[in-house]
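Shared between the two complexes below is chain A, which has chain B as its partner in the first and chain C in the second.
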Partner chain A sequence: MNTGARAFSLETVGMSKTFGQLVALEDVSISVKPGEFHALLGENGAGKSTLVKCIMGFYQPTRGHLIVDGQEKQIKSPADARDSGIGMVYQHFTLVPCLTAAENMVISRGDAPSIIDWTKEKKALATFMDRMPFQVPLNIPVSGLAAGEKQKLEILKQLYLDQRFLILDEPTSVLTPGEADEILGLVHTMAQKGEISVLMITHKFREVKAFADSVTVLRRGKLTGTGKVSDLSTDQMSHMMIGETQLRKSDSRKGDVKPKSRIELIGLFVDDNQGLPAVEAVDLKINGGEVLGIAGVSGNGQTELLEALAGQRPLKDGRIFVNGKPFEASRKDYDAFKVFGLPEEPLKNAAVKRMSVAENLAFRTFDKPPVTSIGWWLKPPKMREKAIDLIAQFRVKTPSPETPIENLSGGNVQRTILARELSGDVEVLIVANPCFGLDFASVAEIRAQIIHQRNSGAAILLISEDLDEILELSDRVAVMSEGQINYVVASAEADRNTIGKHMAGH
Partner chain B sequence: MKTIDSYTAALPPRHRRSSVTFTSDRWRTTSEGVIIAFVALLTSGLLFSLFLLLLGKNPMQFFALIWQGGFGSSFSLQNSLQRAAPLILTGLAFAIPAKIGMTMIGAEGALVLGGFSSAAVAIPLVSTHQPVVPTMMIMALTGILTGALWTGFAGWLKYKRGVNETISTLLLTYIAIAIMNFFVEGLLRDPASKNKASTMPIGQDYMVGLMPGMDVHWGLVVGVVFAVALHVLMTRTTFGFAVRISGGNVRAALAQGLPVGKLILTCSAIAGMCAGLAGYFEVAAIQGQANASLAARYGFTGILVSFLARHNALAVIPVAIMFGAISAAGGLIQRRMDMPDATALVLQGIIFVVLLASETVYGRFAMFQPKLETAR
Partner chain C sequence: MTAADIALILTAMLGGAMRVSTPFIFVALGETLTEKSGRINLGLEGTLVLGAMIGYAISYQTGSPWLGVLAAGCSGMLLGLIHGVICSLPRVNDIAVGISMMSLGTGLAFFFGKPYIQPSAPRLQSLEFGGWASNPAIKSALEINPLFIVGIVTAFIMWWGLANTKLGLILRMTGDSEPAARAMGINPIKVRVVATVLGGFLAGVGGAFLSLSYPGSWNEGLSSGQGLMAVALVIFARWNPLRCIVAALLFGAAGAIGPALQSVGISQGYYFFNAAPYILTLIIMISTARSTTAAREAPGELSIIK
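What follows is the complex of A and B.
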C-alpha cells in the first residue's frame, strides 16, 4: 500500500433501472474524475440510492454501463465492487459494537484468515494508521466511541480495505454539525491530495457548497443538472432538484404563545429495546400556540421518547399532564384531550399498507358515530362518505377511496395521515422527523400545517434530526443528548454552535 | 326506466369514477386470491401425480377415486360433510388469530382438551340422569370454555411475556394430549374400556343427533353459523376493524391507542372456542367418549384449510368440505389402489408446501394490481 495519488475515475453511461412499471432511474450519465469530491443531490425518491446501488452491484442496471478507471466494467455484486476498489460508507453504522476498532477493520477484510494472528495484524494496523490523516482509538469496543469517531472509523475501514473510490451515503445525518464539518473536511483534503475520489449522496446544500468540487442533480430518476459547484448558486441547484413544483408557503407566525402550559412531561424515564435507559428525567412544558423543537443527533433517546408519547413503548417512570389533568397514551385520552400525532415514515408508523385509503382515514373515527351505530356496528358507506370529503379537502391523489394505501406515493400517504390527524380540533400535536422519506412539496405542506396549527393555538412537540428545520419552525429549542434534555433556548436567541455543542453532550 | 348509469350520472364525476374503481379493485384482489389458490392446488396435484407415477400408480385413477369417495354418492358426500364439520371450526381457529398477525397452530390441543373436558363434565351429569338438553349445553360450554382458556393462555403469554405464539401453541398441544391421556388412562378410565382406554360413554341419549334425513351431525350447521358470524365480526364491527389495524401494523395500532393486548387475548380465546367446540362435537356426535382418537389431526389440517382460504372465514367452509372429501376418500383409495393411509397426508403436505410457496407470488402479476397512480 502506498499513499501516493491513487484515486481513479468512475463514470456511468446511460444508466437506467426499472422495477416493474416503475422507472427508478432513466438514462443517467455521471462522471467523477480522479481525486474529485463529487456531490449527488436530489430529494427523496429522486434515484440517488438506485444509482449508487447499481454502481455497488446491489442492483443490475436495466440499461447502461459503468466505466471504472477508464475501462468498462461489469459489477455483478458488492464483492465485485470491493475488488474494483469501490467502497461505500452507509448512512447508518455497519460496525460491530462489541468489537474494537482494530477487530472491526480486520474482520471486514474479505480475505481474513480463519485463525487471525492478532499480534501481526495489530502491527500492520499501526503502520497503516501512521499514514492516515486522522486517528481513532483502536483498542476499545466501538460501542464506546462517539458518533463522529464511528463515522471516521467507517471511512478508515474503507481505506484499510484499499478502497480508493468512496461512496458516502448522507454521511452526516448521524453527526453533530461540528463533527460533520470535521469529517467532510478530512475527506476533502484526502481527495485534493489525489488519494481518493468521492461520490457523496446528500440533500444539504450547505455541505455541497462547502466541500464538493462538482455536483450532479437528479430528479424523478433523471439527471437535471451537473457542473462545478463554484459555477452554481444554491438557487440554481434547488431549482434543478425540485423543478417547477410550487412549494406551499407557510403562514407567518401569528399570535402570542398562550401563557398557560398545555402539555407537561414530568420526570419521564423510558427504556430501549435492550432494557437500558434511553430517556432519563425529561421535564418539558409546552404552552398553547407554541412549537417546541427537540434537536439532537439520532440515537440519543428521541425515538424512545416519541414512542412513549405515542403509546408504542411503556413509560418506566414519570407522568404526563394535558391541561393539568393526568394523561395516558390510550384511545380514550387521545380523544378527550385532542392529542394527535404525525410520526416519521407514515407508512411504517401510522398506516396499514393493505387497508384502503378510506379505512386508513377512519382510524380515529371508526369506533364513534356516525361511522358506527349501536356502538360497534360499522357503516362502511358513512366511512366512505367521510373519506371522500377528507380526500378532497386535503387534496390526496388516489384512484379511489378503496385503493390500498400502499399504492399511493409517499407524499399522498403523508397527506392521508395529515387529513386523518388534523381535520378536527387539535390541542396537542406530536410531530417526528417530517422530512424523512418525503419530497420537498410534501415537507413544505407539513411545515405549513404545523405553523397553521400553532397559530390556531395547539401545543406542538417537534422532534427532528434536522437542525435547520427545528430552527425554522420552533418557538423554543430543546437539545437532547444521551437521553437527557441538557439545553433549552428560545429560537430567537438560539445559536447553531451552542446548540451543536450541546448536541455533542457538552 | 331508469338505468344505473342515469343514477350515477347525477353524482359529481369524482364519485362516479371512484365507484367504478371500487368494484374493479375489489374484483382484482378477490380474483387474485382465488386464481392463485387454484393454481397452487393444480400444481400440488401435478406434483402428487409425479409421486404416484414414481410408485407405479395411476394418478387419474387416484383423482377419480377422490371424486368418487368424496362426492360420488350421497353416502360419500355425507361422509365428506361429516369430516368437514370439525375442519371448519379448526380452520377458523387458525384464521382468526391470523387476522391479528398471529400464527397459532395449537387447535389440535384445544380440540383434544375441549373434547376431553366436555366428556369429563358429562360423567357426573349422565350418571345421575340429569335432563338431556341442559347437560348437552353444559358439555358444549365446558368444551368451548376449556378451549378458550387453553389457547387464551398462549395469547396471554404472547401479550404479557412476549412468548412466541407459534412455539407455545405447538408445545401446549403436546401437553394437552398428555393431560387427556393422563386422565383417560388413570382417574377417569372407564373400567369397561378394555382395549382402548376411554372415559365413560355419555350414552346415546346425550349424543348430538343427525340432521333430519341425513347422516351428518349438527356440528356442520354450527360450524357454518360460526364461520358466517366470525366473518361478520371481522368485516362489519369495530372489533374486527381494530383487529385488522393491529394485525396490519401494530405500531400504528398502538399509536391510535388501540388495546392491542386485549385484542390479542380475545382473538386467541375465539380460536380456542372454535377448537374446543370442535372437540365437543367429536365427543358428543362421533366418539361418545373421550379417548386417544380425539387427536385425529383435525387441528393440524385446519391450518391448511385456513391457508388455502387465505384466512377468510367464509372461504373456510368450501375448503373444509374439500379436505373432508379427501379424507373421506381415504378408505376407498386404500382398498382400490392398495396404498397406505398416509397417502392422503402426503397429498396434504404437498398442498401445504406449494401454498406457502405461492404466498410469495402475490402482487407479482400486473393484471391483479390496481392501476398505479399517475399523478404525484
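What follows is the complex of A and C.
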C-alpha cells in the first residue's frame, strides 16, 4: 500500500495461442507505455480475452513473450501476475456477495493475517480510501451495493493491492452512461498522473474516443491496426474491426405505416424470485408500425417484465390488451393475437438445446396442420420439409435439420429462432437484447428484420441494455429504473444525457 | 394441574431440552460448516449413527468414554472425506451422494454394532450444577453433560472465526462465489473437502452423545432422524452458528414435551407429543421456504439454490 509505486509499461511480443486446430491468437504485439490508457478493440471471438488471459497467466502462450517494465517476464499463473503488479477487473464481478467491501478487500490480499484485527484493518482502509478519488460504503455486504459501486470497488480492490497495471474487461457493460463516464474519467485521470497504466477491452467506439490514448484492434486473432486514438476516425477503427464483410442494410424507416395492431400494458406488477416487487405499475401503449425501446441498466426489472410477457412468470396485477381485447400469456392467445418473441439468451429461453433444429423450428406449428392431422398425429416429414424451407430462407448454417440446436453457433441459434418467430404474419413482437454476443453480420441481419417487421405494421417492444441499439431501432424510448417506467420520449427528441440520468433513477 | 405441576413440567422441559438438543447442536454446526463452503451433506444422519456405535464400542473396549467421543469424531471425518471426495468429481450431485452416504453410515453401524447391543460401556459423566437444590426434579434438570458445553463453546468459536479469521473468510468466499475464490487462487474443492471432513467430525461427536449420555446405550433405533432434522434446522438458523444453538434448543424442548408431561403423570397423547419435533420440522420448512430473508442469506453456491 505504499504511495510511491508508479505506473509501468507492458509489451507482448509476437504472442500466439493455439487450441488444437484453432488459432485463437496469431503473432500479436502490443505495447502499453507507462501511464497510458490503451484500448483493445474487437468483436466477440476476435482474441481479446485470449490475449489478456495470456498476460494474466491463465493461459501459456504457444509462442511469443511478455515484457513488463522493460524486462522479459514469465507469468505462469494469476498469482504471478498479481506479484508483478498486474491486476484485472473482470466483466463479471469477482466480489463475494455475502462479504462486506472491507472483508472483500482484506481477504483479497495474499498476506492477510490468520486472525484479522478489524480495528487495525479498518483504520488502514480508511487511510487508503482518503487518497482515492472515489468512495464506496465499506461495511455493508456487497450484495447490497449498486452495480456502479461494485465496479468502483473492483477497481479500488486492485489499487488497494497496489496493482499499477490494470486490465479492465468491458468495465461499463453493467453501468449507466453517467456511471460509465464517471468511472472511466477517474481512471483516465489516474493514468494521466502516472499512477496507473490501463488496458481496457471494449467494443464501444464512444468510450475509446472519449477516454483512451491509444488503441489496438484485433480481428480473428490477428492484429489489424494500432495507433493513437487522435489519429484514427471511428470509420477507420470500425473497418479494422470488421474488415470487408458485407453487412445487410436495414430498410429505411417508412413514415406512414399502416398499423396492423396495438398492444397495451396497463398497471403491470411483477415480483422477482425472492417475492420482492420487480416491476411496478408499468403502463405502456405501443401502436402498430412502431418500435418502443425500453432502456435501462440490467437488473431494473426488464427481465421480469419480459418473462411476464412471455408467460414465464405470473403477473401479480395489471392487464394486457391486444387490439383492445384482453390477452393472457398462453399458447392460445399467442396464436390468436399473433404475438411473437425473441427473448434474450435464445438457447436458454427459446429453444430446447438437445432437440433438433427442425423440431425447434416447429415449436409454433407442430400442433397445427399440415404438421398434424386429426389434431395430434405428427408428421415428421412435413416438419422436416418446412424446416428445410426456413433454413434456406433465413440462411441458418447447420449441418442438417436433425442436428441438435446446441451444436450451432450463437448467431445461427438466433437465426433459427428468428426463422420460427418471424416467418408468419407478425402483429406483436417482443424482443430482448437480440444482439448480445453476436458478430456484426448477425447483428445487422437481426436489426434489419426488426425494422422490416415494423414497416409491415407490427407493434414492437424492444428491451435492450445497449442504449445505442435502442436509439438506432426505436421510434420511442422509455426508460426503466427500479421497476418503473420513469421517462418516455420520441427518439427524434431523445438526448443521451437525459436518458442516462433517468436510467440512474433521477 | 397446579402451578407447581407447571413449574415441574417447565423444569423438566428445560433439562430435557439441553439433553435432547446436544446432538442437534453438533450435527447442525457440522452442517453449517459444510454448507458455508457451498456443499450440502445430507449424509450426516448416517454419520450420527456410525458415531454413536463407534463411540460406544471404543468406550467399551478402552473403558474411556472420551476416547469413544474422539473415535466417533474420527469416524465422522472418514465419512465426510468420502462424501467430499466423491462430490468433487465432475457432475456429481451432492444431494444424491448424501443420501447414499446416509445408508452407508447406518449400514456400517448396524453391521459392526451387533456385538455391542448387549454389553454396557462406561458413559460420560454429567456435571452436577443442581447440588444446591433440594427438589430432585430441579437437581436432575441441572445435570448438564460436558458435551453440551463443548457444543456451545464450539458454536461461539465458529461464529467468531467466520468473521475474524482468514480461514473463515475463505470458507464464506468459497461458499458464496466460486469464481471469486478461483480468481484469488483458492482451490474451492480443497476448501469444500476440508469443510465436509470437519463437519463430519462434529456430527460424529453428536452421535457419541446419543450412545454415551442420552439416551445412553447403543441400539439400532437410537437415532430417530436427528441428522436429517438438523439440516432443516440449519436453514431455520440461516447458517448462523449462534442461531443454531437457539434452534437446537427449540427442537430439544419440543422433543422433551412428551417425557416432561409423563413425569407429572400425564401420559395421554404421549406418542403425539413425541412427534412434536417432526411437526416442528414441517412447519419450519414451510415457513422458511416462503421467507425471503433465508433465501438471501443462503450461501450462493449451494446446489439447491443455484
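The working rule: the second predicted complex is superposed on the first by the 456 of 506 C-alpha atoms of A that agree within 3 Å, B and C clash if a C-alpha of one lies under 4 Å from a C-alpha of the other, contacts with A are read in each partner's own complex, and residues count from 1 in each chain.
In this section, a contact is a pair of C-beta atoms (placed from the backbone, for glycine too) under 8 Å apart; a residue touches a chain by one contact, two chains touch by 3 or more.
Here the structure is a predicted model, which means the values were calculated and not measured.
Colleague: Per the contact definition in the header, classify A:L99: touching chain B only (first), chain C only (second), both, or neither.
Modeller: Second partner only.
Colleague: In the overlaid three-chain picture, which partner chain does A:S114 touch, first (chain B) or second (chain C), both, or neither?
Modeller: second
Colleague: Counting touched residues of chain A, say whether chain B or chain C comes out ahead.
Modeller: B
Colleague: Given the touch rule stated above, what does A:A351 touch, chain B (first), chain C (second), both, or neither?
Modeller: first
Colleague: Examine A:S143 and indicate which partner it touches, taking first as chain B and second as chain C; both and neither are also allowed.
Modeller: It touches chain C, and chain B stays clear.
Colleague: Using the superposition on chain A described above, determine whether A:A392 touches chain B (first), chain C (second), both, or neither.
Modeller: A:A392 sits against chain B, while chain C stays out of touch.
Colleague: Contact residues on chain A for chain B in the complex?
Modeller: Per the stated touch rule, the residues are 20-22, 310-312, 329-334, 341, 343, 348-355, 359, 362-364, 366-367, 372, 375-378, 380, 388, 392, 397-404, 407-409, 411-412, 439.
Colleague: Report the residues of chain C in contact with chain A in the complex, numbered from low to high.
Modeller: 164-167, 169-170, 172-173, 176-177, 179-181, 183-185, 290, 292, 295-297, 299-300
Colleague: Considering only the defined contacts, which chain A positions touch chain C in the complex?
Modeller: 77-79, 90, 92-99, 103, 106-108, 110, 112-116, 118, 143, 273-276
Colleague: Provide the residue numbers of chain B that touch chain A in the complex, in ascending order.
Modeller: 14-15, 17-19, 21-22, 25-26, 236-242, 244-245, 248-249, 251-252, 254-259, 366, 369-373, 375-376
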